[in-house]
Amino acid sequence: MSIFGRGSSAVQSSGAINPQTVEMAVTELEMVTDVFNRIVNTCHNKCISTRYAEPDLNKGESVCVDRCVAKFFEVNKKIGEKLQAMGAANSGGSPVGGSSFGGL
Amino acid sequence: MSIFGRGSSAVQSSGAINPQTVEMAVTELEMVTDVFNRIVNTCHNKCISTRYAEPDLNKGESVCVDRCVAKFFEVNKKIGEKLQAMGAANSGGSPVGGSSFGGL
Amino acid sequence: MSIFGRGSSAVQSSGAINPQTVEMAVTELEMVTDVFNRIVNTCHNKCISTRYAEPDLNKGESVCVDRCVAKFFEVNKKIGEKLQAMGAANSGGSPVGGSSFGGL
Amino acid sequence: MDFSKLNAAEQAHMTKYIEKKQMHDFMNLYAGLVERCFTSCCSDFTSKALSGKEETCVMNCADKFLKHTERVGARFAEHNAETMNEAASSFKQ
Amino acid sequence: MDFSKLNAAEQAHMTKYIEKKQMHDFMNLYAGLVERCFTSCCSDFTSKALSGKEETCVMNCADKFLKHTERVGARFAEHNAETMNEAASSFKQ
Amino acid sequence: MDFSKLNAAEQAHMTKYIEKKQMHDFMNLYAGLVERCFTSCCSDFTSKALSGKEETCVMNCADKFLKHTERVGARFAEHNAETMNEAASSFKQ
């Protein structure tokens, strides 16, 4: 038994930073933010009148935004499945990770 | 009196790099560059004819650019004040920093 | 002869990382990727119908894409030469590097 | 987003990163709002002063965009929660 | 791109960087494809479900964009090879 | 931009950062100029060669954009100087 440390796995889970773990968390956060910003932009273009006669979303705009977001996620899923299928066809495996695809 | 150093504040002001100070300077520089690029783009779209019959800005375009930049800064200020007021209403303080808002 | 090392130039060429060399390689890679993405986007806008009636590029679209890429490179070269000439006129030298300009 | 698998040091690192990111995202929102509302509302450059009509348009534009973003955020969060539930129940099978 | 002048350690560093970049580029391609095809194909928001017509459009759009990107890539590579040859022969003079 | 509050080491660091940034900004300007002028001037793809008319348009476009950017830069600098003066005099009160 060593007096110098509690063993590497104990340190790992409570003390030291694993650069790969942090990097993956950062990448995931940036990806989600990017998708969010794209939806905000795209659905604004689709649903919001640029006359800006009033400061609130009107009924029609609100409903349009809800459907726009839902449809965007559907397209996201379809294209994710397509890319996954293509990756599987090309390399015998999914291009990145796999099961979390299209689920965002 | 120590023979090992001149005290942390003296070192601070002449030698060592404070990462936070440098990071803030970098952030400020990137923010200003971003706003500049947005103005260049936006005012080009508003004022410059894309027929490109001559290499110089004509009189009308030059005047338009000057007014466009001035108006952009006015809109920047109005929206900065609005965001500041909303931040104050929400949290009892301005969202970021405060007094330098809208001043760019 | 030293027993501590094989001399700095030998280490340089086989072992240690020169941050500047790596940074330049990264910058070059990012630049080329940026130009590629701009061509993909621009030539898609110029050549591909957004009706999406079929999944393949038709004959007309394919020929258009080839010419679009060639013309984009020609414009890249012309503007590179112009910027180089302006840099030479302003500072007695090219603004960045020089001979590799416009060659991408 | 689920950071529960990270250890304390990693979570502290992420918290610091997220603080920086929030500052950055806010500056982006601000600059984007100005560009967007200027582009939609200002088209008369016979004067450099903002007209009353333009100012109303800009203020409405900013309000509306923020409400729009909030609404998208609510739908986005619902979707992510659903996706996580589906993922969780597929793990239980 | 010619990394032959880099030493082994530098090449290893670049390989790692390129792996990260490929992951990043792929996520960008994916998100860009969704935005592009959604924008071109979806304009009816009387329903939140994707219609058959919209779905066909989205799938064609994705296929076509990938083929377009591939074709641009081929022309791009040819151009770069030519430029390198010219540069190489101008060095020999 | 006022970096006078930074110490010598910090200023040296910023100078190095700014040099890199200028290189990067220049590459961005170059690539943006090509994309912008190509988009505005080239719409005929019955030939892959640049026509005389297209070339004139591209050259005028580049010249005009650079002069436009310079003019915006001058107004931008004036505005920043004014804002700094206002800030300075409000501190004196």
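As written, the chain order gives the labels A, B, C, D, E and F, with residue 1 at the start of each chain.
Everything that follows uses one rule, which is that contacts are C-beta pairs under 8 Å (C-beta built on N, C-alpha and C of every residue); 3 or more make two chains touch, one makes a residue touch a chain.
Computed from a predicted structure; not experimentally measured.
Distance between Cα centroids is largest for the pairing of subunit C with D. Ranked by how far their CA centres sit from the centre of subunit F, the chains are topped by A.
Distance between chain centres (mean CA atoms), subunit A to subunit D: 14 Å. Between the CA-based centres of subunit E and subunit F the separation comes to 27 Å, rounded to the whole angstrom. In terms of their C-alpha centroids, the spacing between subunit A and subunit E amounts to 20 Å. Counting partners per residue, subunit B has 47, 66, 70 as the residues that reach two or more other chains.
Shared interface positions of subunit F, i.e. residues touching 2 or more other chains, are given as 37, 41, 58-59.
The touch graph of the protein chains shown is a ring with every node of degree two. Here the chains link up into one ring; start at subunit B, go to subunit D, and the full order comes out as B, D, A, E, C, F.
Against subunit F, in their complex, subunit B makes its touches with residues 12-18, 21-22, 25-26, 28-29, 32-33, 36, 39-40, 43-44, 47-48, 50, 52-57, 61-62, 65-66, 69-70, 73, 100, 103-104. Of all residues in subunit F, those touching subunit B in their complex are 1, 3, 5-10, 13-14, 17-18, 21, 25, 37, 40-41, 56-61, 63-65, 67-69, 71-73, 75-76, 79-80, 83, 86-87.
Every residue of subunit B that touches subunit D in the complex is listed here, in rising order: 27, 31, 34-35, 38, 42, 45-47, 63-64, 66-68, 70-72, 74-76, 78-80, 82-83, 86, 95-96. Residues 23-24, 26-28, 30-31, 33-35, 37-39, 41-43, 45-50, 54-55, 58-59, 62, 66 of subunit F are the ones that touch subunit C when the two sit in their complex.
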